[in-house]
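Here the structure comes first, spelled out in C-alpha cells, and everything after it is commentary.
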Amino acid sequence: MPERRFIRFAVLIAIFAVVIFTKDQAYAGDGEIRLGIAGPHTGAYAAFGKQLWRGSKQAAEDINKVGGINGKKIVLIKADDACEPKQAVSVANRLVDRDEVAAVVGHFCSSSTMPASEIYDDAGILMITPASTNPMVTDRNMPTIMRNCGRDDQQGVVAAEFVIKRLKAKNVVVLHDKDTYGRGLADAMKEQMNKLGTIEVLYEGLTRGEKDFNALVTKIKAKKADAVYFGGLHTEAGPLVRQMREQGLTAKFISGDGIVSNDFIRAAGGNKFVKGAYMTFGADPRKLDAGKAVVEEFRKSGYEPEGYTLYAYATVQIITEAMKATDSIDGEVLANWLKANTVKTVMGEKSWDKKGDLKVSDYVIYVWTGDGKYEEYK
Amino acid sequence: MEKYILGQQLVNGIVLGCTYGLIAVGYTMVYGIIGMINFAHGEVYMIAAYLAAIIIAVLTFFGINSAFLSLILTLAGTIVITSVYGWTIEKVAYKPLRNSPRLAPLISAIGISLVLQNYVQINQGAGNQGIPAVVSGAIKIGGGSNFFQITYMQAIIILAAVASMAILSIIINKTSLGRACRATQQDPKMAAILGIDTDRIISTVFIIGASMAGVAGVLVTMNYGSFDFFVGFITGIKAFTAAVLGGIGSLAGAMLGGLLLGLSESLFSGYVNTDYKDVFAFSLLVLILIFRPSGLLGRPEVEKV
Amino acid sequence: MTVSSRPPLVLILKDSLIAGAISLVIFGPICGIILDGYTFNTDFKIPLILTSIVTAGRFFFSFFGLPKLPDLSRIHPLANRKPTVPDKIFLGIVFAVFLIFPFVGSKYWLTVMILALIYVLLGLGLNIVVGLAGLLDLGFVAFYAVGAYGYALGYQYLGLGFWGSLPFSALIAATFGAILGFPVLRMHGDYLAIVTLGFGEIIRIVLNNWLEFTGGPNGVGAPLPTLFGLEFSRRAKQGGTPFHEYFNIGYSSTYKYIFIYLALLFFVVVIITAVSRLKKMPLGRAWEALREDEVACRSLGLNHVATKLSAFSMGAMIGGIGGVFFAAYQGFVNPSSFTFFESALILAVVVLGGLGSTVGVVTAAVILTILPEALRDFAGFRVLIFGILMVLMMIWRPKGLIKVKRPVFLQKGKG
Amino acid sequence: MFIKNPILEIKDLTVRFGGIKALDKVGFKVEKGSITALIGPNGAGKTTVFNCLTGFYKATSGSIFLNTDDGRVDIVKILGEPFRLSDFINPVAFISRLRYKMFGGSYLIARAGIARTFQNIRLFHEMTAMENLLVAQHMSINRNLVSGLLKLNSFKEAEERAINKAYDWLDIMGLRADANRFANELPYGHRRRLEIARAMCTDPALICLDEPAAGLNPRETDELSMLVRRLRDEFNTTVFIIEHDMTLVMDISEHVVVLNYGQVIANNDPESIRRDKAVLSAYLGTGNDD
C-alpha cells in the first residue's frame, strides 16, 4: 500500500533531519580550550597537513604538561580542507559552530585560507596561518586574521636581490605552478627583479601534478638561462630540477619555502640533483637555541621537524601566550594584544604590525647540500 | 643550435607520447570490449609506481644492484601484481554492473579511483616517494654545447612501448585468445552463444590493460624518479585523451594518439607557451574529432537505417 | 549467489582461500612494505588482518548468501506522474522539512545543506543533458564556473548585484552551452564525453591563466547577496544598510546563510517544477526521443541540431544559476573549485539518482553532499569510505535510486 | 506507364558506396494518391531509394522532387549539396546552399511531407505508445516554452488536441489498449502498426513503408492491406511501399516499380508486371523463360 509507505518515508526523513541537524548544537567543553588545526590532511598536499598536525600536537602536549592555558587543557581538532575552497568553507563553519573552537591554526593553501578567513572574521575568531604567504590573506583588513609566516612579496624581494646581486645572473627564467602561492611568489620576485633592471628571458607556468617538464627544460636551455627561479612546491620543483640536470643544464635553481621538505630530495630522485639548489625560508628554527630542545624532542620520536612543523608549533604557542595574558578567547581581544606585544616562541621573538603580518620577516637564503640537508648560504 | 633543440623537443615528445600510449592501451582495450571508460585505470598506473619503488627497495635490501636484473625483476613483479589489481577491480566494481545502464560502471569506476588513491595514501603516506636511478647515462647526438640526447631510460621506454605494441598486436591478431577478444568486441551475445567464455575474455582484457599500466608505471617512475598517490589522475586523463584521439578501441590508435598528444604538448610548450599547452592539446582533440568523429584510426560508425 | 543454491562446502572453502590469496597479493606489498626514502619498513599486521577479513567475509557470504537490501524503487517519482493525494502529503512534508530546517538546524549543517541544494541545481541541469537528452557530458563544471565567475566578475566590472547577475550569468552560461554544443553535435557517446571533459579543463585553465581579467589562481571576491538593498554582512560593503541594523537586532552571520538557503530553496522549487513540466512538453519529449533514437526523430521532422543545442544550453543555464549561488555562498571564487572531480561528482548525483528522475537527483545530491561531511569523524578514512559507498550504492541500485515512471495520458470524456 | 500528376519525381538517381554503384540512374514517378510498390530481389537497392528520398543517404547524382499541395520541393537541395562553381558568382544561390548545408538535413524532408517507417522497427522504446505519437506531432502542437511552463490554456488546448489525435490513430490501428504501455513491451505486430501510426501523425502527403508486412502472420498481413488502403482512401495519403510479399503487393498496389542491381527493370501496373519477362528472370534467377 504505497500511500502509507509515502507518509512513513516522509516522517522518517523529517525525524532523520531533525536528529542529525540538531544533535550537535550545544556542546561547549568546559575546562578545555579547543584549537582547530585546519589544513590539507588528505589530498595531494597531505604532506604539509602532516607537518601542521605534528607541530601543533607536540606544542599542545608540551603546554598541557605545564598546566595548559590558565589551568585549561588544550584540545586540538583536526579540520581537513584538502586545499579545496569548498571544503575549507564548510570545515570553517564546522569549527566555528559545531566544535566551537577558541582559535584556529591554519589554513595551509592560500586559496583555502581566504574563503575560510571570511567565516572566522565573521565569527570574530582568531585565525593565525602558519603557512599562507599570499599577501591578500592579511590585506583585506580583517582584524582577527593574522599570520605567523612571511609574505610572498617579502620573500620574492629577498629572492630577487639574491639572484641579481649575489648570483649576478643575466638570463633569468621565472617559472610558477599557476597556483595562488606559486604564482604570487613568482610575480613578486619578477617585479623586484625588473625594478633592479633585469628583465626575465622567460616567464611561464607549468601544470601542477605533472612530472614531465622536459619540453620546458629544453626551452630554458634554448634561452641560455643561467638562473631559474621557480615559485611552487617541491612536488613539481623536484622533477623540474632533475630534468634540468639530466639535460645537462647547469643554470642555478632558486625557489621559495615551498620546497622546504626532505620530500624535495625524493621528488627530485636523489641528492645529486638537488645539490646546490637555493631557497628562501625563515631563519631556520632548528638552528635557534629557543628551538633546540623542541627539535630534540621531535627527533627522539623519530620525526624530522621540517618545513612548517615548527611554524605550527610556534603558532600554538603564540595563541597560548595571548590567551594566558588576556584570559579571553575573544578574537579581537587576542588579536589586539598580539599586535601590541611580543611573544617568545620556539622560532624566536615574534611581533606583528597592524595588518597582522610579522614585523620582521627574517627570510634568508638556504642551499641544499649534497647530503640530504640544507644550510644557510653565507 | 636550433636543430639540436628541435631534436631534443622531438625526443621529449616521443618519450612522453610512448608513456601515454602504454597507458592508453588499457583504456582502449577495455572500452573496445565492454564499451566503458575505466576511470580507475590511471590509479592502477599509480599503484604500479609504488610497487616499482617497493620492489626496488626490497631488491637493494637483498643486495641485488645490477641494473639489468633489478629492471627485469621489478617489471615482472609489478606486472604480476597490477594484473591482480586489474582483475580484482573488474570483479568487484564492474562485473556486478555488467548488464546495467552504461553510466553505472563509470560512476563506480570513479568511486574505485577515489578508494585506490586514499588506500595508498593511508598506507604509504601522502608524501612524495622516490625511486633511485636504476639506469643512468645517455646517448648524446652532437657535441659541446650543441647536442641533444636520449637517456638510456628514455630509450628503454621507447623500446618497451614498441615491443609491447608488437606483442599485443600479435596476441590480438594471431592467437585464438585474440580471436575470442575480437569476437566478444563485435558481439558479446553471439560470442557467448558460440561458446566463448566472455567473462573470462573480459577479465583477460582487464589483466592485459593493467599489466600495460604496470609497465608504464615502472618505466615512467624510473625515468622521473618521483611519484605520489596523485600521479594516476592527470596521467589517466591524458592517456584517455590519447586513446580517444587515436580512435578508442584500436590498439595502433592508442599508440598513435599517445605520440600525437606527446609531440603536440612538447612542441607547443617548447615553441609557443607552456601555460596553454593543455588547452592546445584539447583543442587539437576537438578539431580532429570534428573532422574524424571516431578518432584517427577508429572505425567510423555508419548510420544503419 | 543466493541462499537457495548453495555450493558444497569444499568449493566454498576453496573459493574463500583463493580470495584470501588474492587479497594477500593485493594488500601485501602496499600495506605491508611502507616506503621510507629508498629503504622500507615492514608491518605485516594490517595486510594479514585485511586478508583474513576478506577470506572470512567471502566464506560467510557464499555460505549464508548476500544480505537482502531494502528496495527503494517503490518510492514513486513524483515529478513525472499526476500527483495523487498521498504524493502531495509526501511532497508537503518534505518541503516543510526543507523549509523549517534553517531555523532549527545548526549553522554548520545549514551551510552543508546550502551546498547540497547547489548540487541539486547542478544535478537538475546535468540531468537535462545526460538523463533526458542522453548526451554524456563530463565537463559540466564549466558552466558552473561560468556562472560563478559571471557573478564575481559581473560585480567587479559591471557592478551587477546578486539579483542582477542571476539572469546575466544564466544567459552567459547558456551561451557557452550553445557554443560547446555546436562542435560536438556530430559526435556520439563517449567521444562527446571526452570533448566536454576537455572543454571543462580549457575553461578552468583559461580562468587560471588569465590573471589580468579573472585574478588567476588568486580568484575574485564575490559580494554577499542583498535583499531589497539590505546587506547581510557585519559592515555595509555595497552601500546599502546591513540587515541587522535595519531591524536593529544583533548581528549574526546565520541570517546571511538562512537568506541564501531560502533563496536557493525557492529557485530549486521553481526549477524542479519547470523541469517536471518540460518533461510533459514537446521540448522535453523531443529530448527523450532524441536519447532513444536520433534517426527516427529526424524521420519525424524533429530538428535534432536545435534539440541538442537547446538541451545543452538549458542545462548550462541551470548550472550557471548554481554557480551564482556557489559564488555568493563562498564569497570568493577561484579556479580550484572547478576541477574535473567536480564534474564527476555532479554526474554521480545524476546517475545515482536515476537518469531522468528529478526526485532521484534531489535525493542523491543530498546524500552525496551530507555523506562526506558526516564522515568527517573518520578523519583520514573519510574519502576512502566515501569512495567505497559510491561503489556499493552503484552496485546496489545500478539503475539509480529512483525508477522513472512515464506520464499517463488519458483522453478527456472517453475512458 | 503514364503518370499525369506525380507527387514524387526521381530522375537519374545514382548512389555510390565507395566503388560499388548501389543505384544507377534510377528514375520513376509516383502518382499522387496512388499506392505504389517498389519491389525487387534482395540487395536490389530498394531501401537505398527510400533512404535517399527520406534524406538518410545523399545521392551521388540525380534529382528528387516532391510536389505537395504546398508546392514543389527539391529534396537534394534541402539536404545540403556540395557547392558548385556557379555559386561563387551567384551570391543568392551560394547563401541558400550554405544555409541548407549548415541547417539542412533529413528532418526537413519530413516537414516537406514525406513520412516513413523502418525495416527494423525504430520506436522510442523507453517511452509509451502515447508519447511516441505525441513526439510525432511535435511540429503541429504548441512549442512555445513560456506557455508550456506556465501551463497557459493555449498550451493545454494544443496538448488536448494532440492527445485526441493520437488516440484517434490508436483506434484506427486498434492499439487503444496499449496507449500508456512502453513501446518495447508491445507485441511485434502492434509495434509495426504503432510505427505506421507515428508516421501518419506527421500528416504526410507521402508515406514510405519499408517492408511493413515483414514478420507478420497472414491474418495480420490482411489487416495491414486493409489499413494501407484506408490510409490512402480516408486520409488521401500517397503510399509508397517496399514489400517482398507479392500477394500483398499485387493485391493493393496500382503501380509497381521493379529494381534489380540498382536499375529499374520494370515500371508498370501489377498486371503487366506479372507478365514481364525481365522481372520473372530477375526473380527466377536466369532468364530461361518458356
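Just so it is clear, A, B, C and D label the chains in written order, and each chain counts residues from 1 on its own.
By our rule, contacts are C-beta pairs under 8 Å (C-beta built on N, C-alpha and C of every residue); 3 or more make two chains touch, one makes a residue touch a chain.
Owing to the predicted nature of the structure, the values given are computational and were not obtained by experimental measurement.
Trainee: Averaging the CA atoms per chain, pick out the one whose centre lands closest to the mean of every protein CA shown.
Mentor: C
Trainee: Sort the chain pairs by how many C-beta pairs are in contact and tell me the top one.
Mentor: B-C
Trainee: Compared with chain C, which chain's mean CA position is the farthest off?
Mentor: Between chain C and the rest, the longest centre separation is with D.
Trainee: If you average the CA atoms of chain B and of chain D, how far apart do the two points sit, in angstrom?
Mentor: Going by mean C-alpha positions, chain B sits 49 Å from chain D.
Trainee: Hey, how far is the Cα centre of chain A from the one of chain D, in Å?
Mentor: Chain centroid spacing, chain A to chain D, equals 70 Å.
Trainee: Can you compute the centre-to-centre distance for chain B and chain C, using the mean CA position of each chain? Integer Å is fine.
Mentor: 30
Trainee: Using mean CA coordinates as chain centres, what's the gap between chain A and chain B in Å?
Mentor: 35
Trainee: Name the residues of chain C that each touch 2 or more other chains.
Mentor: If we look for residues of chain C contacting two or more partner chains, we find 37, 209, 295, 380, 383.
Trainee: Touching at least two other chains at once: which residues of chain A meet that condition?
Mentor: 42, 178, 205, 266
Trainee: Would you mind listing the residues of chain B that make contact with two or more other chains?
Mentor: In chain B, the residues touching two or more other chains are 118, 125, 129-132, 275, 278, 303, 305.
Trainee: Under the definition above, what is the set of chain A residues touching chain B in their complex?
Mentor: These residues of chain A touch chain B: 42-47, 49-50, 178, 204-207, 209-212, 214-216, 218-219, 221-222, 234-235, 238-239, 242-243, 246-248, 261, 263-270, 273.
Trainee: Okay, in this complex, where on chain A does chain C touch?
Mentor: Per the touch definition, chain A meets chain C at residues 2-3, 5-7, 9-11, 13-14, 17-18, 20-22, 24-25, 41-42, 78, 80, 82-86, 89-91, 93-94, 96-98, 110-111, 114-115, 118-119, 122-123, 134, 136, 178-180, 182-184, 205, 266.
Trainee: Hey, which residues of chain C end up touching chain D in the complex?
Mentor: So the residues of chain C in touch with chain D come to 274, 277-278, 281-283, 285-286, 288-289, 291-293, 295-305, 406-409, 411-412, 414.
Trainee: In their shared complex, at which residues does chain B touch chain C?
Mentor: For chain B paired with chain C, touching residues are 31, 35, 37, 39, 47, 50-51, 53-58, 60-61, 80-81, 84-85, 87-88, 92-93, 96-97, 100-101, 103-108, 110-115, 117-120, 122-125, 129-132, 237, 240-241, 244, 248, 275-276, 278-279, 282-283, 285-286, 289-290, 293-295, 301, 303, 305.
Trainee: Can you tell me which positions in chain B touch chain A when the two form their complex?
Mentor: 1-2, 5, 8-9, 11-13, 15-16, 19, 118, 121, 125-133, 138, 149, 151, 220, 224-228, 230-231, 233-234, 265-267, 269-271, 273-275, 277-278
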